[in-house]
Amino acid sequence: MLKAIDLACVRGDRRLFANLGFNLEPGGRLHVTGENGSGKTSLLRILCGLSPPEAGEIHWQGEPIRTLGDEYRKAVLYLGHHNAIKEELTALENLRTTAALAGIAVENEEGTDVLARVGLAGREDLPVRFLSQGQKRRVALSRLLWSPAPLWILDEPFVALDTAAVSWLAEIVGAHLTRGGMAVLTSHQEVSIASGIEQFLRIAP
Amino acid sequence: MNNKIIHWFKFGSPQSFYPLAGKMIPWFWALAAIFCAAGLWVGFFVAPTDATQGEAYRIIFIHVPASWMSMFLYIVMACWAGIGLSLNTRLSSMMASAIAPTGAMFAFLSLWTGALWGKPMWGTWWVWDARLTSELILLFLYLGFMALQAAIDEPRRADKAGAILALVGVVNVPIIYFSVKWWNTLHQGASISMSKAPSMAITMLWGMLIMALAFWMYSIAVALQRARAIMLERERHTDWVKYAVE
Amino acid sequence: MKADALNPASSLAELGTLGVLVAVARRDLLLALRRKSEVMTVLFFFVIVVSLFPLGIGPEMGLLRTIAPGVLWVAALLAAMLSLNRLFAADYADGTLEQMVLSPAPLGLLVIGKILAHWLVTGLPLVLIAPVLGLQYDLDGRALGVLILSLLIGTPLLSLIGAIGAALTLGVRGGGVLLSLLTLPLYIPALIFGAGAVEADISGLGAAGHLSLLAALLALSCFFAPWATTAGLRIALE
């Protein structure tokens, strides 16, 4: 359902990659690997539609994402290096605002419940700046529990998580894939995700 | 460099346009020189002495065409930038960036000659009339465009951001001009106005038109030269540049 | 922590487009409330600048009355411009702007929500305190009324136009000063009509013409400014 055709990316004077293509079906998982600076993050941002590729096209369910616009954005959940949370707001406020931006209304009780599942029970009314790095990351990851988007694009999602959290996240991704979702992710760590058809994409200079 | 086929869109790439521009530049310089000579001759020898302003009015033959050029070039620049933004062509954006300094120069020239005209006429170096004030604001718009592009390191982002600014500017120029005119008439009345040129003899109009043409040819020549330099700098890692520079 | 295989989308309601706009505005207002110092500094800047002019020119009331509309409007302009940096910079730095661009809601709507919140926090206080400062310049009641009205129409206009510059200069070197260079020429029509309205009222000509032109500019920028701003934001995030 997600198809990349002949993608090329140029950053400054360097051509990061060219003729990059893949096909991702429901239940599929694409693991993007490569050295630091090889263009993994650039690829993910191109897949989101944030950056236009130097060449090539991306198709979602047969249509180019350029023409789909909002419809494609509805189907994508992107987690980048930034947590995309506001330090002055509480975890609960952050969750509800992030959901509102995606067009979803989350009530207080539902939000508290999600935060409990993420391991932040009792901390949902604390301004996020009082949380640890790992806890902030979990606030960011709480999106995965309420978002209906079928395509997850995750850039280094396991960073700043302890081992328990890593396996928790792996299970979440696995459950998503079992439900028919898709995931594109980059990771330096070796992570085993139980389900889903795995593809590897290595970006080499 | 082996394009024997003249295909219009071929020249949309810097690689093909570079040699074409190189061939065109000397012609435009020649035209500029011819028109300039003709215009200055008309301006200084053919046009009659003005009844009220004497000989000093002749600076109008530089001041007015410079004003026209500064406004015309802003519109041209905005068009190129807009094309570059919507069609995602690099060359169009390079043309816009190449035109900007020349447009700014003409705006400055217009202000400077305006001051030189004002002093013998009305005793002051500057007068806040509608045209001069609008010209000053136009200069700021040019400088803003150039500053924005200079501040952004990534060339494509600089192109696109500059394009947005130029398009916003082009929409605002009539608004600014109208508001400045409004401001001027309410405050000063019509006592001093550089927009009111001395009653035009036909020869005066011809002189200004010919000088405008001269400035236009000059602008094209200079813009093409600057565009070539931009092309070399931006594409310095490609093979054709290495070949062209040898 | 428990892993959960529940379908997350089962029980959640959708938010309408207006709801999204309100959510963005509320968020920004909440943030401003928790960082009150940023709001207050803009207000204090306005007050200080207005107080500088009599110190520089002399306390002669007749002269001050003449320059009052211009001074108050220029000070409001500069204060508005100072606050523009903060419109998108924080969101850009922590990644929330990226999420906004990726949101299925129209980006223009989100931008309007942000500008609305920005105006409520930086523009509206100027409108409210301007008449007090106008008294320092010996403006009479009616002129003060026109001043309030002109700023009420003008400050949203300044926020809208300023948002364009803020978007274009996101993350760019020399951001603040560059933003001023880009935005101030575009502010000039607002200044002319806004200050002109107060002057016209003082001189008895009636402010209606100026105010309607100012309102027309506001209407125009409500359409164009969000377009240019969203284009600028997308470019900044490429």
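First chain written, first letter: the chains are A, B and C, and each begins at residue 1.
FYI, a contact is a pair of C-beta atoms (placed from the backbone, for glycine too) under 8 Å apart; a residue touches a chain by one contact, two chains touch by 3 or more.
What you are looking at is a predicted structure, and each value in this text was computed from that prediction instead of being measured.
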item	value
Most centrally placed chain - per-chain CA mean versus overall CA mean	C
Most widely separated chain from subunit B, with each centre as the mean of CA atoms	A
Interface ranked first by C-beta contact pairs	A-C
Between subunit A and subunit B, centroid-to-centroid distance (C-alpha), Å	48
Between subunit B and subunit C, centroid-to-centroid distance (C-alpha), Å	33
Centre distance in Å when subunit A and subunit C are each reduced to the mean of their C-alpha atoms	34
Junction residues of subunit A - those touching two or more other chains	52
Residues within subunit B bordering two or more other chains	none
Multi-chain contact residues (two or more partners), subunit C	238
Contact set on subunit A toward subunit C in their complex	48-52, 70-71, 73-74, 76, 78, 80-89, 93, 97-106, 110, 117-119, 127, 144-148, 164-165, 168, 171-172, 175, 178-179
Residues on subunit C engaged by subunit A in the complex (per definition of touch)	1-5, 7-9, 11-15, 19-20, 23-24, 27, 30-31, 34-35, 90, 94-96, 98-106, 110, 237-238
Touching residues (chain side subunit C, partner subunit B) in the complex	164, 168-169, 172-174, 178, 181-182, 184-186, 188-189, 192-193, 196, 200, 213, 217, 224, 228, 231-232, 235-236, 238
Residue numbers on subunit B that touch subunit C, as the complex places them	137, 140-141, 143-144, 147-148, 151-153, 156-157, 160-161, 164-165, 167-169, 171-172, 175-176, 178-180, 182-183, 186
